[in-house]
Amino acid sequence: MPYVNIKVTDEGVTAEQKRQLIEGVTELLERVLNKPRYATSVVIDEVATDNWGVGGESVTALRNKERNSGQR
Amino acid sequence: MPYVNIKVTDEGVTAEQKRQLIEGVTELLERVLNKPRYATSVVIDEVATDNWGVGGESVTALRNKERNSGQR
Amino acid sequence: MPYVNIKVTDEGVTAEQKRQLIEGVTELLERVLNKPRYATSVVIDEVATDNWGVGGESVTALRNKERNSGQR
Amino acid sequence: MPYVNIKVTDEGVTAEQKRQLIEGVTELLERVLNKPRYATSVVIDEVATDNWGVGGESVTALRNKERNSGQR
Amino acid sequence: MPYVNIKVTDEGVTAEQKRQLIEGVTELLERVLNKPRYATSVVIDEVATDNWGVGGESVTALRNKERNSGQR
Amino acid sequence: MPYVNIKVTDEGVTAEQKRQLIEGVTELLERVLNKPRYATSVVIDEVATDNWGVGGESVTALRNKERNSGQR
């Protein structure tokens, strides 16, 4: 029954990382809420950095600032 | 007013099938809740099989198992 | 696998109507996309009319206008 | 057509504030994307502070810390 | 804390328009609900016109009708 | 940045369990995608069992069947 939606920016999430996220969320719901594994659905949405804003700026702009300031 | 979001895996849903889903949901809300057709919005999200997990595994992995066992 | 979210205003949807919406969506996905019934999840969200806006006005305001003009 | 979902914590959002959010989003989509007012739907979800986590803590816990430290 | 999801059809929204939508929503939540700018997340989903239905028809079909009747 | 929405039925999830879900998801995103804790938002939606359907039936109906057959 549980349905979990994970939204992250599309900054290179690998198939293996997606597998770990799916397994991790399924295990967490089993451990905490005793939900049977077969019942848990997980959907991962990868959002373009132009399409995600934080603090009024797009993640694209934030990443550029980080690169320009050597943080990334 | 009704807003309906249909999430399915991106396994080849055709434009015609999308048309039938949109018509079917609109008709259902008209029939059951007497919602006028013009008011119903339907959005179909097609999710990559790597990005959808069931029972702790990605649909990609599940489909591979089905193919290997001849179920698909 | 399919996950369907139906958002409607909380204007007295009965348990029977919810049952019909759940059955109708499940049947539609089986008919159109050949999805097995057991795989389809449907979640119905009922939204307060103050919390739903159309054309810049809340549904509460729209309903009041309808009542005042005798449409409802 | 545009559908906008605003999720905030249920910390006393008034009907008037909801009205302003609905109007503000509708005006923004008209101004920026030339979407006709009648086409824009806005749904506001108010989430209990136990049910919203940031940085690994619930907003309930964060608010208690803010009160204890005199920030709120 | 606020999370705002804007769904529009993928009909050529530019990076600059996305920037204005992100800024506009962030400013609106700051003005109306006094939410600090850093706390507001905005995600813009662009939906294929085949995948969005209104009044039982896909936006693709509606746009074709508009073009054929000279409205667009 | 990550935004995670967990939908479960409203069958008595405690504040402590919500805390564990929030912490568990935040830790998972930090471990798998190296996302800083402060950036992760988690929202838990509790859905009435009349409003959640699986296999064409509401969870209310499914739970009644489980009780009648002694499974619950």
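Letters A, B, C, D, E and F mark the chains in the order given here, with residues in each chain numbered from 1 onward.
Going forward, a residue touches a chain if its C-beta (ideal position, glycine included) is under 8 Å from a C-beta of that chain, and two chains touch if they have at least 3 such contacts.
Chains and their UniProt names: A, B, C, D, E, F = Tautomerase.
Nothing here was measured: the structure is a model prediction, and the numbers come from that model.
Engineer: Spelling it out: a chain qualifies if it touches subunit A (Tautomerase) and also touches subunit C (Tautomerase); which chains qualify?
Structural biologist: Both subunit A (Tautomerase) and subunit C (Tautomerase) are touched by B, F, going by the contact rule given at the top.
Engineer: Which chains are shared contacts of subunit B (Tautomerase) and subunit E (Tautomerase)?
Structural biologist: A, D
Engineer: On a CA-centroid basis, which chain has its centre farthest from subunit A (Tautomerase)'s?
Structural biologist: Result for max centroid distance from subunit A (Tautomerase) is chain C.
Engineer: Please name the chain that ends up farthest from subunit E (Tautomerase) once chain centres are defined by their CA atoms averaged.
Structural biologist: Of all chains, F has its centre farthest from that of subunit E (Tautomerase).
Engineer: Please compute the C-alpha centroid of subunit A (Tautomerase), do the same for subunit D (Tautomerase), then give the distance between them in whole Å.
Structural biologist: The computed centroid separation for subunit A (Tautomerase) versus subunit D (Tautomerase) comes out at 21 Å.
Engineer: What is the distance in Å between the mean C-alpha positions of subunit B (Tautomerase) and subunit C (Tautomerase)?
Structural biologist: Roughly 16 Å, centre to centre.
Engineer: Quick check on subunit F (Tautomerase): which residues sit in contact with 2+ other chains?
Structural biologist: 1, 3, 7, 21, 25, 41, 43, 52, 54
Engineer: What chain-chain pairs meet the touch criterion?
Structural biologist: A-B, A-C, A-E, A-F, B-C, B-D, B-E, C-D, C-F, D-E, D-F, E-F
Engineer: Which of the residues in subunit D (Tautomerase) come into contact with subunit C (Tautomerase) in the complex?
Structural biologist: The contact residues of subunit D (Tautomerase) facing subunit C (Tautomerase) are 15, 18-19, 21-23, 25-27, 37-46.
Engineer: Flag every residue of subunit A (Tautomerase) that touches subunit E (Tautomerase) in the complex, lowest number first.
Structural biologist: Against subunit E (Tautomerase), the touching part of subunit A (Tautomerase) is residues 7, 47, 50-58, 60-61.
Engineer: Which subunit F (Tautomerase) residues qualify as touching subunit E (Tautomerase) in the complex?
Structural biologist: 1, 3, 41, 43
Engineer: Provide the residue numbers of subunit C (Tautomerase) that touch subunit B (Tautomerase) in the complex, in ascending order.
Structural biologist: Checking each residue of subunit C (Tautomerase) against subunit B (Tautomerase) gives 1-9, 13, 17, 20-21, 24-25, 28-29, 31-33, 35, 52, 54, 59.
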